[in-house]
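As written, the chain order gives the labels A, B and C, with residue 1 at the start of each chain.
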Amino acid sequence: MKAQGRVVPVLAWGAAILVVWEAVSWYLLEVAEVQMAQSKLPYVHKVLATFGTYGGTLAAEGWITFTNAAWGFLTGGAAGALLAVLMSASRWMERLAFPYAVASQMVPILGLAPIVFGIVRNEDLARVLIAAYITFFPVALNMLRGLRSVSPASLELMRACAASPWNVYWKLRFPASLPGLFSGLKIAAPLAVTGAILVELMGASRGIGVIMLRNLYYGPSHVYMFWSTVIVGALLGIASYAIVSGIERIAAPWQPEFRAKGGDS
Amino acid sequence: MESTATLTPEIQLEHVTMQYESGGSKVTALQDVSLTIAKGEFVSLLGPSGCGKTTLLRIMADLIEPTGGELKVAGKTAREARLAQKYGIVFQNPVLYDWRRVKSNITLPLELRGVPRAERNKRAMELLELVGLAKFANHYPWQLSGGMQQRVAIARALAMEPEILLMDEPFSALDEFTRERLNEELLAIWSKVQNTVVFVTHSIPEAVFLSDRVFVLSPHPGRLSAVVDIPLPRPRTKEMRNSDEFFRLIARIRDSFEEGV
Amino acid sequence: MDGGLATPVKAAEAAQEQPAAAAAKPPGSRVRFSDSAAGRIGLPIAAGALFIALWELQAFHRLLNLRVYQLPLPSAIARTIRDNFDILLSYAGYTLAEAVLGMLIGSALGFLVALAATAWPRRGSGSLFIVASLNAVPIVALAPIMNLWFGSGIGSRIAVVAVTTMAAMAINAHKGMNMVDPLALDLMRSYAARKRQVFRYVRVAGSLPYVFTALKINTTASMIGAIVGEFFVSSRGLGYLLSNSIKVAKMPLGWSCIVMAAVAGILFYLIVERLEKVFIRWHPSQRT
């Protein structure tokens, strides 16, 4: 399908939803006179107006959340990658760490956010730490899978060329592991942002989560601001995913999904 | 190029052409192919890659439509023949469903037609007997070797008792020894079922061993360049592979290639 | 070569596939400790035990300059669990119920969306995109919205979980339904099968492995969704107790909640994995 053919239906769906939203909002408010109608489903144009008016504040607070999450994300990602390399190089490391890595996937990690904040009590550090922890294990697992995905035939070829272990890693295993690495990063990115916002709910003073909470509890007059923060939160999540995807396109462009779809094979 | 068999025509192609666009230029997969296959014949479509033999088979199966020409299959159009289940098809891969056991892979076409369960099972067991795999009815496909899986695929193709059996290089994924053995088994099955077989292959010995006639196709553009009669007596035996006549036929076909290209 | 020789042939092939590692080891060397059964279970357990021991001995406290009230000792946590076990268990059940119900609803909806997107590709794929972007809305935004829409009862948490789990299922099920061998589709065409039959016989069965992958991902996501939902608004449940404990500085109780949540999460996952073994016995990933 050509790019045009895919964008148009999506835009159509999006526009249709906005229209329906506006219509239902009007209905709830004017016709059905539902209690707190605007809180439940506010007018789209009013939300956008508030979004525009307070854009500066929203951007500033969102930036704080985002940068903290980003630092944590990078640190956790680097540490996870390092662990993956260690696990692939040493059976001991692997036996030690792998069960915990897998188990961590089954544990509700985000639940740790309040605890981290409780320990550290410094909101910036807490955001960074939780983002790092959330990123650590998915990246380690996925990159390990990537490192291991090298075919035995490729390894034998390296051996036949008398390649040093360093070269085997740098020229073969590492490039082969990039798709796995990015898989893990893409999973972790929105979660890191979410973790950072969660910390803010526990009593931080800056950040988009704080604004969200403030406007939630101050009642109906702050409804549009609340929904604006929701939009910012969603945008941060999408942006984090999009940035990682963009970097992936540059770093690992050979993957099948990035190739132009040509004729029959 | 008249067939010596005086039987009724089962498949008729007239001036069939297949062209398509690829990367901005026109490719002619098949150019002006006309042929007739009689009822009860075993024929091969033989040629190197790019000669259009698979395309030709898929046109007969109504899996693709030709850009020109006409064809009749079992007295109907290709589409009507498919809807009436006049043929069964075997691909290069067995294409068995991992989540069904051998027996229920074979009953699939019968299920689609609403055949009742008791009859389906009976038919499946008959077919498994025919291909010599009755003991494996309850196995999963991946527990069988490649050759055995293809025999299951053949059994499945015969489920609806079709008049025509279309086979697209069914044995080329297997090793030479298995392939020769399966050739003999296929002929044994065919002698019992006695329908019309169109067999696509790139192996000259295989085509000569199996067929009554060999349609030789050459590429660029894909066209019918020769039809060779195989007057070897039936039933065909292993020993025939070593006979002078066999090698002479192989040489004759190979020569007709050189001309075609 | 043929006939009943399938299994020996396959066994021989499998033996040959024993990777280069085995061939590279000089003959006569002992099996390494890390490969033995004792090593495989013993190492991680030993590491875990060591970690807990260091913690109890306040090694981390000294390292990170923390006080005991900030980071409670394992013994204190264990004691708190024992003392509060009744309430912890009942709250765990409550949270688990939210997670399971929400996951069932969300997965069902996601599956339907994938079905629609596969059956009517041009119009249906829009719905797939919408579901995928819903996934981008962070849970922290979803929770208060669901609270506004569904009140403060269990319904709002179930809604949060449902929305969170929909996308993973929709994307995975869609991939599974469309990753069909083109020859299999040709085969169905040769049977003159109708669209509905192609779905029933080929696409749905083939998508099961992907559906289970999504279910496994969704178990954790649903626990998280339930707990985070309770952070915002709830009067019961592990998430409520956790955030409450932190706010009143009852750290050991907060840690107890996390421990219970972890155990519940792992159990949930293992149950789904067991179901997977039953339903897709035939898949390559399940064969020895």
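By our rule, a contact is a pair of C-beta atoms (placed from the backbone, for glycine too) under 8 Å apart; a residue touches a chain by one contact, two chains touch by 3 or more.
Quick caveat: nothing in here was measured; it's all calculated off a predicted structure.
Chemist: Counting C-beta pairs in contact, which two chains come out on top?
Modeler: Top-ranked chain pair by contact count is A-C.
Chemist: Which chain, with its centre taken as the mean C-alpha position, is closest to the global C-alpha centre?
Modeler: C
Chemist: Among the chains, which one keeps its Cα centre farthest from the Cα centre of subunit A?
Modeler: The most distant chain relative to subunit A turns out to be B.
Chemist: Centroid of subunit B to centroid of subunit C, CA atoms only: how many Å?
Modeler: 47
Chemist: Between subunit A and subunit C, tell me the centre distance in angstrom, where each centre is the average of that chain's C-alpha atoms.
Modeler: 18
Chemist: Quick check: how many Å separate the C-alpha centres of subunit A and subunit B?
Modeler: 53
Chemist: Which bits of subunit A are touching subunit C when the two form their complex?
Modeler: Interface residues on the subunit A side: 6, 9-10, 12-14, 17, 36, 39-40, 91-92, 94-100, 103, 105-112, 114-115, 117-119, 121, 152, 155-156, 159, 190, 193-194, 197-198, 201-203, 209, 212, 216, 226, 229-230, 233-234, 236-238, 241.
Chemist: Provide the residue numbers of subunit C that touch subunit A in the complex, in ascending order.
Modeler: Contacts found on subunit C: 19-20, 32, 34-35, 39-40, 43-44, 47-48, 66, 70-71, 122-123, 125-127, 129-130, 133, 135-141, 144-145, 148-149, 219-220, 223-224, 227-228, 231-232, 238-239, 242-243, 246-247, 249, 251, 254-255, 257-258, 261-262, 265-266, 268-269.
Chemist: Using the touch definition up top, name the residues of subunit C that touch subunit B in the complex.
Modeler: Touching subunit B: residues 1-7, 9-10, 181, 183-184, 186-187, 189-193, 197, 201-202, 205-206, 208, 280, 282-284, 287 of subunit C.
Chemist: Quick check on the complex: what are the subunit B residues that touch subunit C?
Modeler: It is residues 58, 61-63, 82-83, 85, 87-89, 91, 93, 95, 97-99, 108-109, 111-112, 132, 135, 140, 142-145, 147-148, 175, 177-178, 181-182 of subunit B that touch subunit C.
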